[in-house]
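For reference, the structure discussed in these notes is given below.
Note that the chains are named A, B, C, D, E and F in the order they appear, and that numbering of residues resets to 1 at the start of each chain.
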């Protein structure tokens, strides 16, 4: 099985974190490829940055998905996932929906731990779009300047403390560590916390493998079918070929 | 990895369907055990039947879970799952939450296809309890007398037709085939339908394997911790031992 | 009129509290019977304990309901009420739905005062199942070890303080004292509090009398009709007779 | 016990229907008084008519409540109930909240049967204001010209048919007959219908008796306390006296 | 264009504030008329006061609307707006819905700043009636005795502080200054606050001008059509004429 | 005042429709500029097409917004509006939120009339993101092949019929004509329909003028502040300058 993880951002440091955690998680016969967006920002905290990441992810996805069995948009907040799911004939999932799927199978209410305060407004809208706001116990986040490639080392204690507060004060049954920069941290924290802890990358890799294994069929109808053929211009060639049904 | 599937009902025919689909789905190194409730009804359609199945499942779970890595309550509607999750130190999941987790990763709105009309009121309450009513496009079900062990053969055409109506008339992006008696039907239908189709047993087996693999940690705090020690009487010995923290 | 109150727990101390409050509340010509579960736990704080209480309550209900006009499941959280309502031809109500019905007629938003912290996650799910989460101003609870038969005496001041905070800080229009162990406390507190205060037992007794008096008819159709006839085994004889339509 | 029912409309025919049903329902020692609004419309179908009825009901309430133990605003839709509840030191309830309280204790989802189509938009807003839209299975109503005093005789068959459709097609567990003009019809229909049926007047009388019996205490704080003292002018004298805390 | 603003309260001081802000806001060719309720209270904080204000506003509206192009009910909370909208053939809007419309176009979540604590329960119900509770970040209010005509001068610093807390602690994207007594304050505060700030009067004047300019057509059907003709008595003559379709 | 309308699609025919309707609507002293996306599709029906349109709109917005007072993203569905609102120091609004703001001021529930069936899934998600799903009475749409520049002429009768069905069968109080290709149609239909009808372009022009006139202040804090400075690459120069705070 071949999984393509698309980092919708330009940070190769974060791509390395994603790749390491994906490899730790994947089944032995799963081949992991990580592609990094050729344009965009270092990491996504806002609606605008998500808009950029969505387009970058779509472009990378169209160019690189062939020969893969499933695609993961590897940024928390799932920029572009709904649109890319329409575009490709393979399963397409995001880190947030993956982590939330894991969390919902482990408990009733979850808290999301974030790398910044600013990022929470956008995350809240994403959780709302999935209809899961009632199961969100709280969001708690760092409020400091951060170096995106080393945030989990630099702020390990504070992150553990935020998790603990979410359980004790907010009633979280499960902790969701949000954001590709925190990929892998769940492995460290899980023994210190009184409740299960999940992250996006490992959840997404497993769920992608599951969707491939289940072979549920593709969208040949409904609202995730390939967009109707219509005039377009200036689109990347890889996208244009898909829209024209002439292959990837 | 060892998974225990508990059929909370007494039908060994349905247990056989569950076991067959679980084995078709499981990873090569996953050992599948199916336990059938020693008391209860043939299949669950109502709140009362779910109440009975919940207690039966809890009893079987307490007796048999040792040496297993995760437990699946193998009836759609997830009778007893929240309670059993408190009881056991391993992941415990149900067919409905598993199928819905798969469906939510494949599209935005899903329809549930049911084996009877009566069953829908209870399912609606279960979907509501998971906070996912907004993503439920519709429920459509058989309205005939049925032989529970052969329903998917006897009513194959009608079931396919209900799926089709859910997509074309109700806006379903994904079809969920509900109920252990339909275990395996997704494999047949998926080529006939314009959208992905999932079922509970195969979804649950995969998600259970995922939760074991992720090792997210257990509930040593929060609302799914083992119930507080308090006086009790007349409980099955296996349950009493767990509540007393003296082992399974 | 004859009302049967079923304590789904084993504590005869709590049954005595229930009985005393029920008698204080009931109309002169109402006969009160309290039955105590033959198995289970001392009081219910969690989903698992509710699962046990639901089955115990159903068994007692089936055995003892004959000759009664209505049945009350006398534990806050209403374990098994939906299922038992299907089973019996008489009105079946729970303490939570009864207290909430009273509260909703007295004001817009209510707070629930609980005997423990742990119990709140389960209560929240129950209030959600009734669709009333929007009217829940807050839950506040004791956080101490407690002796279930004397909690209202032992912690009287703290309970009054929690009520007061709910009004002043959370915007509660009405206070709901939760749990059979607090039965009767409303009579003491109501003069100290700035808003109306209700409890489950007295509300349930009155509402049961009302449903009997209104004679609204029974469920011969719809989702609360007696479960469809189907194979079963190992069920208590009293339940089996009802399912077979051969009497209580 | 003395109950005051205020018909917020001018129709003495409807007041007679209300009074008859209230007397049939009330306990032997309950004294029933029905007051009819001195100004307003024949019956309320719209937001504007409700606005008029609310003010008329408040005026009648202030003038006549003394010596009564509870007050019922006897029009479905509960015009003015929230406001009058602030004004008076006794329980104040409406027909809709009363019928819905009964319905919620009898089943999970209810349908409302209405005397006109136009009336449904307003009723929907009222159900929404109580947070119970999720439990509303449907509304179905007459679509004919009607004589308000004899609607239940003139359209008996059609009303029964609407109830039946609500159960069979919409999934109603309970039928709510809406509107004072249908007061008493539940007594006739209940034997013809497969599910329980309730109406507003009988429910309100019983619930008013309950709130008086429970003696939950009054609103000396919170959002239903008497409005703060402030300048006013031109108010009916009875209202002015209450606002000034100089008695009814 | 001619706009009629109806102050549903008796305070001419507040009417003067309304008029001044309306004139500052209106287009050069818009003629502003402010009418003050002949009876009622000084300002509305509760459901009862809103009930009075609704009837007063309806009466003034019916008497004075002729020759005007749109009508504004100039109290936050929008007393009577739904009903008056049915009554008149011109657009009728309230301060709350107007301010919220502005706020929703400026950001995702808003906080409402109020002149008292008591007023918040009623405002919350109003926001709920508009379906916008999910976008309400918080309400914060003064907790002091106030002189209604000078509240914005007397408590300027505290009001600015409340706005600031709403942004920094509650996540407000936009501030809504609630209540006619705060009319005009937004002009002062907007340079001190980190997010946009809107008020009801200026928003309503602009939106009324918009609805007149758009000429969207009137309600000749649907739930805001003039109420059906039916018997009535004792209504103000201006209202009676409208209900009888014989003119304003 | 200068308004910039950005057509996020490549169709100059649609841009002409937008421009014509904008000019018909705008105040005499408002200067209208319409910019057409240099890349993308002819019109947006799906999540993927919205993703493309969002990025195109952002790029055009950054390049062209200088010297304008407000910006309108002129496609129903509001692609990119949240993100672009963060980017620019001027008000940024979309057609959907504008039309819904108008509709909510005219009635309680609205129906959306669409140019295709496929488009409805995406629109539903947009309405959900604004929290207004409870006020959506229905969506009804054309189900035919269409020529985007002449759809309102080609299908005039069918569109009027869909509006009528929405009022009579779905309870719509207001009709929203969705999509820039229908710009201007409201002017024709409003005399044929029993309820008010609004469209996106005229609503957006008016609301943009309003937000400019109100001068509510800009986002110097909160979740719509300009995104935090961080590394980026490959972004259009106009966007890069804004992110670096070096001007448009």
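Just so we're on the same page, a contact is a pair of C-beta atoms (placed from the backbone, for glycine too) under 8 Å apart; a residue touches a chain by one contact, two chains touch by 3 or more.
The structure presented is a predicted model; accordingly, all values stated were derived computationally and were not measured.
**Q** Looking at A-E and D-E, which pair shares more C-beta contacts?
**A** Of A-E and D-E, it is D-E that has more C-beta pairs in contact.
**Q** Hey, how far is the Cα centre of chain B from the one of chain C, in Å?
**A** Taking the mean C-alpha position of each chain, the two centres sit 29 Å apart.
**Q** What's the distance between the Cα centroids of chain B and chain D, rounded to whole Å?
**A** Going by mean C-alpha positions, chain B sits 44 Å from chain D.
**Q** Which residue numbers or ranges of chain E touch two or more of the other chains?
**A** Residues 82, 85, 108-109, 120-121, 125, 128, 133-134, 171, 173, 222-223, 225 of chain E touch two or more partner chains.
**Q** For this structure, give each pair of chains that are touching.
**A** A-B, A-C, A-E, A-F, B-C, B-D, B-F, C-D, C-E, D-E, D-F, E-F
**Q** Okay, in this complex, where on chain D does chain E touch?
**A** 10-11, 38-43, 45-52, 54-55, 58, 80, 82-87, 116, 118, 120-122, 125, 128-129, 148, 222-223, 225, 227-228, 230-235, 239
**Q** Which residues of chain A touch chain B in their complex?
**A** On the chain A side, the touching residues are 25, 27, 82, 85, 91, 93, 97-98, 101-102, 104-109, 130-135, 167-168, 171-174, 186-187, 190-191, 193-198, 202-203, 206-207, 210-211, 213-225.
**Q** Under the definition above, what is the set of chain C residues touching chain E in their complex?
**A** It is residues 108-109, 134, 171, 173 of chain C that touch chain E.
**Q** Of all residues in chain F, which touch chain B in the complex?
**A** Residues of chain F touching chain B: 120-121, 125, 128, 133.
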